[in-house]
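Below are two complexes that have chain A in common, paired first with chain B and then with chain C.
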Partner chain A sequence: MMSNLFSVFDPSTNMFNTSMNWLSTMLGLLIIPTMMWMIPSRNNAAWNKTMKKMHEELKTLLGTKKINNGSTLMFTSLFSMILMNNTLGLFPYIFTSTSHLTLTLTMALPLWTSFMMFGWINNTKHMLTHLVPQGTPPILMPFMVCIETISNIIRPGTLAIRLTANMIAGHLLMTLLGENGSSMAYSMISILIITQIALLTLETAVAIIQSYVFAVLSTLYSSEIN
Partner chain B sequence: MLSRFAFRSVQYSRPLMGVRCSQTVAASGERAVTASEERDEVRFPRPVRAEFPDKVRHGFIPEEWFQFFYKKTGVTGPYTFGVGLATYFISKEIYVLEHEFYNGISLFIMAVFAVKKFGPKVAAYLDKEVDEVANSWKHEREDEITSLGDTVVAEKKEQWRAEGQKDLFAAKRENVALQLEAAYRERLTIAFNEVKRRLDYQVERQNIDRRIAHKHMVTWVIQNVLKSISPQQEKESLAKCIVDLRGLAKA
Partner chain C sequence: MAGDAHVDESQLKGLSKYFNSVTATGRANVAKATYASVGLLILYFTLKPKKKPATK
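Showing the complex of A and B:
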């Protein structure tokens, strides 16, 4: 049935040998409610509330520096894209694009690289001072610099892999459980369904939380360079 | 959920049940027919904001789909169609029951449970949010109307005040006219008095001239009479006078 455990994640929706899987990345755009009237509908109101909440959350993280004005826009839209991709991936037959490093690294690496380049070129002293956290005993300082540098460098990796790994883990478990459903006695199927419901609940939560975490961490990294 | 695929004619000729607000034409259902109608309101009616979502059966299938089947197949038509199609796909393995299917079952059960349990609460909360926005628009509109009404009343008052100014002008004009008249009359009396004085002077002069002439004439006459009295006449008159006196003394 499956040559490789991870082959369920391969892009397989083909149209003349081009894989159309990745179109699911843009599927979220169709789900976002649009406004026809000045008075919002229920969906609209829900989406507006979510966006406002995210904006307020990220605003407190960014602080009051003038250079950070408007940054919440990018991170809120990052949040909504990852949220849509994660939650839509839970539905059957919809490809989860965020479970692939190609997508998550594409999001994390340019973000981090641009932050670092801007920070190091424009605020070199500031960045250097932040390599040593406040309150370190002097004897530990050289090691702290080392550690902080390494932790800084692996940041894009952690951002990307955290998201990918969480998505893959959930989907893998669900897939494994589901594969056994076709060869199971009918009495066992109810247990299977109940387990799957539990897993799905967990996964919905994970999907939402992971998108939030990605957005918040990006915000924090951006606020550190000033 | 599938309402976006409902048939167009049904969607747009939906009866206006319980439409609350925001017709694009002014309130209370009266159509403002202007002389130059820019739009044929009968054949191209303006879209109206619906208060409630469209009717769905079983939570996600629009009612219009059932209506579509109703004429030909009656009430059980759509269900027979659905079940038959599903059976065909599954039995011919066009639709393979694999892991996604079982995931789908779990998701479906979860979704039904969540909608049934949390649906009304979430809907009420979201309705409250929507009402807030709708009320803010309504209040803004109403406040604007009241403020404009107040402005109209204030404007009318100002107009009434401005009209009162006209009376003021008339009164002032009259005042000035009166003053002019008084000054004129005063000058008239002065002129009269002066003229009278001059004329009185002339009259006095004439009187004096006549008096002096009269006096002169009397004096001249007396002188001439005295001159003309001869001494003889004088003696006779004197003797007569003495005789008269003696006569009177005896009496």
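Showing the complex of A and C:
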């Protein structure tokens, strides 16, 4: 029996009174295929293909400027970490660390702060130019400056909350459906199970998409400062 | 900026030479002017003396 609906997100793994739940953040590292032989195995080839595809996608967004060379490494790693955390959290009893703002803000806030600090200190004119979209009607220019400033300021919040909210919503729905199963009529159980399977499939897709969205948006924000 | 190559800056006259949404400098100047105006407004309302209620 849960004390409240959100207690399913509470940490519950203890070892000698120490909370071990946040270790699940690193659980994904154990799944990344390692190379035993020189020729990649099927798992290795699949992982390499995913990483290469992400690299190509992010490289297109970053453009051809020399300063952005190598940036895809950071954003691809970010994608892998969030992907692992999101998908492993769908398994029973595995703590979903990305459903907590502590983790998502830890990723989003330092990224955004470093982009802003670098951008405003080194490329002040470029940053000011970006506040007014090209071709804006003269009467709208001051309002666009205010709107773009506010949109810039809320970026770390939106990045973090988007990921957290998506993870929480999915897990909450699954929990609600699961909790109600015990008090349901036998005739409805088959419908419940089909719904749960459909929801799990949807949540797997959401987990992958949200990690992609986080990585792509971070890449876009970094490409805007140069 | 890529867009500036298609703009003939000699066509811009008067105030629009410095404040426009086509050249990089124009856009930056608009942003600076907007921030300065907002800053001055905030300063004005902060430093404005508060009216004391008339004593009976």
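By our rule, the second predicted complex is superposed on the first by the 223 of 226 C-alpha atoms of A that agree within 3 Å, B and C clash if a C-alpha of one lies under 4 Å from a C-alpha of the other, contacts with A are read in each partner's own complex, and residues count from 1 in each chain.
The rule is short, and it goes like this: a residue touches a chain if its C-beta (ideal position, glycine included) is under 8 Å from a C-beta of that chain, and two chains touch if they have at least 3 such contacts.
All figures in this text were calculated on a predicted structure; none of them were measured in a lab.
*Asks:* Once chain A of both complexes is superposed, is A:93 in touch with chain B (first), chain C (second), both, or neither?
*Replies:* First partner only.
*Asks:* Regarding the shared-chain residue A:197, is it in contact with chain B (first), chain C (second), both, or neither?
*Replies:* Touch status of A:197: first partner only.
*Asks:* Can A:125 be said to touch chain B (first), chain C (second), both, or neither?
*Replies:* In the superposition, A:125 contacts chain C only.
*Asks:* More chain A residues touched by chain B or by chain C?
*Replies:* B
*Asks:* Thinking of the overlay built on chain A, is A:179 touched by chain B (first), by chain C (second), by both, or by neither?
*Replies:* first
*Asks:* For A:146, using the defined touch cut-off, is the partner it touches chain B, chain C, both, or neither? Pick first, second, both or neither.
*Replies:* A:146: touches chain C, not chain B.
*Asks:* Please indicate which partner A:135 is in contact with in the superposed arrangement: first for chain B, second for chain C, both, or neither.
*Replies:* Only chain C is touched by A:135; chain B is not.
*Asks:* Identify the partner contact of A:46: answer first if only chain B is touched, second if only chain C is, both if each is, neither if none is.
*Replies:* A:46 contacts chain B only, not chain C.
*Asks:* Counting only touches as set out at the top, which of chain B and chain C does A:38 meet: first, second, both, neither?
*Replies:* So A:38 only meets chain B here.
*Asks:* Quick one: in the complex, what on chain B touches chain A?
*Replies:* It comes out as residues 21-22, 47, 49, 53, 97-107, 109-110, 122-123, 126-127, 129-130, 133-134, 137.
*Asks:* Within the complex, which stretch of chain C touches chain A?
*Replies:* Spelled out, the residues of chain C in touch with chain A are 1, 3, 16, 19-22, 24-25, 27-28, 30-35, 37-38.
*Asks:* Can you list the residues on chain A that touch chain C in the complex?
*Replies:* Counting only chain A, the residues touching chain C are 125-126, 128-129, 131-138, 141-142, 145-146.
*Asks:* Using the touch rule from the top, collect the residues of chain A that touch chain B in their complex.
*Replies:* Its residues touching chain B are 8, 36-42, 45-46, 49, 90-93, 174-179, 181-182, 189, 192-193, 196-197, 199-201.
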